[in-house]
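Below: one structure, written as structure tokens.
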Amino acid sequence: MTEYLLLQALNGLIIGLIYALMALGLTLIFSVLKIVNFAHGELYMLGAYFSYYLAKLFGFPPVLAVLSSMIIVFFIGVVIEVLFLRPVYTGAVERKDEYAILITFGLSIFLQNLALFVFGPWTRRSPSFMSGTTSVYSLSISNDRLFVSALAVVFMIATLVIIGRTFMGKGLRAVSQDREAAAIAGINPFKMNLLAFGAGSALAAAGGALIGPIFLIFPTMGAMPVIKSFVIIVLGGMGSIKGCIIASLILGEAESLGSVLFPDLTRGLAYKNAIGLLFLVVVLLVKPTGLFGEKHVRMK
Amino acid sequence: MSLEVKDVFAGYYADINILQGVSVSAEKGRITIVIGANGVGKSTLFKVIYGFLKPHSGKIIYNDEEITGTNPYTISKKGISYIPQRRNIFPYLSVEENWEMGAWIFRKDKKRMKQRIKANYERFPTLGSKRKTDAGSLSGGEQRMVEIGRALMVDPDLILVDEPTAGLAPVVAKEIYSKLKQLNRVENKTILLVDQNIRQAMKIADYIYILELGKNKTQGSKAAFETDLKAMIKDWLF
Amino acid sequence: MLKVTKLTKRFGGLTALENVSFKVAKNEILGVIGPNGSGKTTLINVINGIHKPDNGDIFFRDKSIGRLSSYQIAKKGIGRTFQVTRIFRRMSVMENMMVPALSISRSGNQEALLHKSLGILTLLKIVHLKDEYGRSLSGGQHKLLELGRVLMLDPDLILLDEPFAGVHPELKADLHDHIRKLHGQGKTFILISHDMHSIFSLSQRLMVLSSGKKIAHGTPEEIKQNEEVIEAYLGN
Amino acid sequence: MVLFLAAMALPVALDGYGLHILIIAYYYALLASSWCLLAGYAGQFSFAHAALAAVGAYTSALLVLNTDISPVFSIPIGSVAAAGVGFCIGFLCLRLQGPYLALFTIAFSEIFRIVLNAEYRYTGGNFGLNVPPLFSQESRILYYYTILGILILSLAIMHKIVKSRLGLFFRAVREDEEAAATLGVNVIKYKILAFVITSFFAGLAGGFYAHYVRILTPNIIQLPQMGLIIAMVVIGGIESLAGAVAGALILQLAAEYLRDYEELRWVFFGLLLVITLRFSQNGLIYPIYKRLTKKSEKDHAESD
């Protein structure tokens, strides 16, 4: 039993890392643009497909495929921002919050169906990063899972370093904290919007590309993870990066262990996905700033 | 002549002009102050100069170049800095990071940035021990200093200052005014100051504009007003 | 008619109003002046229920209204306008007028209410715009519509927050006329304005706020002579 | 009027399949128009509408299965249940706006879907719940007229609401809650009421649907379902009940007509939705309709 629990805890950790990547992207977008990107799951899905095709058709080495796919999705994000989200900031639309919700939701429908049309409904699996399994004591884990976790950690740390230490990252944070003050300091907030949306999209793509060899790739694969990311950003406090990482790990563990500890196993598995959502509902009602959130932001 | 605001009409609706033909100029090397009862459009004036609000008519000229309606993030490149009335630090960046952001337009030039930051620590020695502290957790007066420091990063010729001491304790306010005076007298910065704290602002002013309901009422050098401040207030109040 | 006792309102660490007490008599115009940030708009927001007082109370016709919601206060007969007008932008002028009309008279004769709002719009000279959307009106028309909307509440007490800011001289003169006329019909006003000429000519009594405290009150003549008021405007 | 007569006469000209398409289209029209009332008029962008339809559907279905009640009574009970759930959502979400409301309602829908899946002993889970039919005889025409009747009656009521004091207050609250309150509108009451009323109609649609298709799965709550409803309303015109109905009918019929293109039609609808949002916030159909009627009014005036 303990072994099983340990294995579940480990699985929770891996899943938590993938969630964290995706939610990190979502939180980055929210903190700068003050928009919840409801198309985030589709960017994750695109990341998986691009990586898959780059590896399968063009023979890219898996890691390179992941990186290239992130770059492609970065630019897709940039295009989306320019075409559809820019009007929110130029005053071209009147009800900004609602427009932003509907337009990103609309994009998610569009992209999902486009994927269904272009890629077909079949499930696929990306080539593995590393074959075999590793045994630690009596636990055995596939190397792919280890590799994916390692890569996710690398991406996460890279993101944290870029946002925390580099000049560009500080600029992003400056815009997220005070748009007007940033403009006064000479930072072009429109460029930062682009950068944040692009980078956020690329992080979603990274999540998708990494999950490719472990789970299956299909057009609606983003539906569940995106909801997890919503849970995470609410739990962690909308726009808080630190909160986002802690919340993803909590969620990953809560789900993996929660379902095991549920007395009735079949229902336990079914209710696994509800745990996070319950968190979300309760947090929104009780403390909308989240567990680690800095402040309650609403776009004017 | 450094900055010239010529006959500006501006407001948030096409037919509602908070500014109704205001003309103000900030001459090089001077501290020019603009005073007037609240709501006469002093803050609106700065929003127009710094490109946050497009005027309905009128011109803004800086060093013989028209800058009417230029983006805020472009104006900072022209050597004008702006310190708005409302708190406008980045609360979750450290003091030093706040100043680095002030150097955004020359971010490639790390040497210059270091120099300017060092100069700021010399100007505001009390902040020396707080370089890693989040600006949001500083006191009100210290936050103002961080803002002034950030505005100085680009080594501007002209600084627009909007009610720098609103909500601050009198002692702190005094210190801020003496800093502004020092910037002008020692570092030769041109300052355009909009203020409600008339008595204090008067002390450091070289030239004064008085506005009333969005229009120029009177103007003149300090000597012209100093004799009887109260009579002056009475005059424009009632 | 209105009695405010020891009103205090804080926002975080900032005290916007501190121990403010005053009375407004029936059919009086009370002017409120004071430097920026002295708490004038907060005062109106508290009286009309947008903010709840932290301390003190407000009595309207001898009944406490300090704990009531905005809509209940409106129904009791207190109307207000906003410094930055808040018109329902995607509703027609007539629909804007009908919201307060229908909120106070559930069973009211629709025909009569329409008639009444047409009358008010005619008085305000914007009846030709009755089918226009709120968003297509100019700023001055917004001011008039907002006043018209308030009148549909049939309020006994009207709170006006900077009604003259930035408006044309003709419109300002019109607004003066409207206020005088309504005053003649028995309405009571609290008027906030930085337009000293307007406020001195319209108000019977003035109250001066500075940093959230009431520092003076009296007739316009008394206020003009009050050294403390001038000190307040001079700063520290 | 012409449309109404056409709708009445249509069954004569259509085969069973054609009727089925129309019945489903009317079901969507009811969902779309009630969501339009909630989002377009009252300004509450809830994503729980499909879930509320499911509340109505499952309540009614389970009632019929577990008691001996007739669907004629269970469908209204289901609608009331949906209205009750709507009340709770409205009450809980009073302080939530914009993306927070969206996230809350999405979470609610998902939780409800998961519960339906997990409690398969009662709900049939993913295998589906076999629901007794509304009518004992196999007659599409009966269903057709029933849903048409329900739709027309519901639209009449919603139209009445929109034109009444209630509708006026919904819009005032949507525009500016604080300003509405200072004009005597009890904002809390009308926000909750908007949820209650529109949830009732969603539940009604769901209840009918359950006893018509006779098999219920939790999939009717999935986000794409909600997406379809939103697309119908947005393309139809978010500030017009008629636009929402037209959007629903046109999208549903177009989807049938373009059946040969399979997924491509959904790609097209998705694109249409996004483009409409970006460039014509009043929808596509409503402005066209407006232009046409304006023109005919003009013609009228000229001929006079």
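We just call them A, B, C and D in the order they show up, numbering each chain from 1.
FYI, a contact is a pair of C-beta atoms (placed from the backbone, for glycine too) under 8 Å apart; a residue touches a chain by one contact, two chains touch by 3 or more.
Fair warning: this is a prediction, and the values are worked out from it, not measured in the lab.
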item: Lowest number of touching-chain links that must be crossed from subunit A to subunit B; value: 1
item: Far-end chain from subunit B, centres as C-alpha averages; value: D
item: Centroid distance [mean C-alpha coordinates] between subunit D and subunit B, Å; value: 55
item: Chain centre separation (subunit B, subunit C; CA means) in Å; value: 33
item: Centre distance in Å when subunit A and subunit C are each reduced to the mean of their C-alpha atoms; value: 49
item: Intercentroid distance (Cα basis), subunit D paired with subunit C, Å; value: 42
item: Residue list for subunit C, restricted to those that touch at least two other chains; value: 89-90
item: Contact set on subunit B toward subunit C in their complex; value: 11-18, 20, 37-40, 163, 166-167, 170, 173, 195-201, 213-214, 229-230, 233-234, 237-238
item: Residues of subunit A that touch subunit B when the two form their complex; value: 167, 170-171, 173-174, 177-178, 180-189, 294
item: Contacting residues of subunit A [partner subunit D, same complex]; value: 35-36, 38, 83-84, 87, 93-94, 97-103, 105-114, 116-117, 223, 227, 230-231, 234, 267, 270-271, 273-274, 277-278, 280-281, 284-285, 288, 298-299
item: Contacting residues of subunit D [partner subunit C, same complex]; value: 165, 168-169, 171-172, 175-176, 178-187, 239
item: Interfacial residue positions of subunit D with respect to subunit A in the complex; value: 39, 43, 45, 92, 95-100, 102-104, 106-108, 110-111, 114-115, 117-119, 222-224, 227, 230-231, 234, 262-264, 266-267, 269-271, 273-274, 277-278, 281
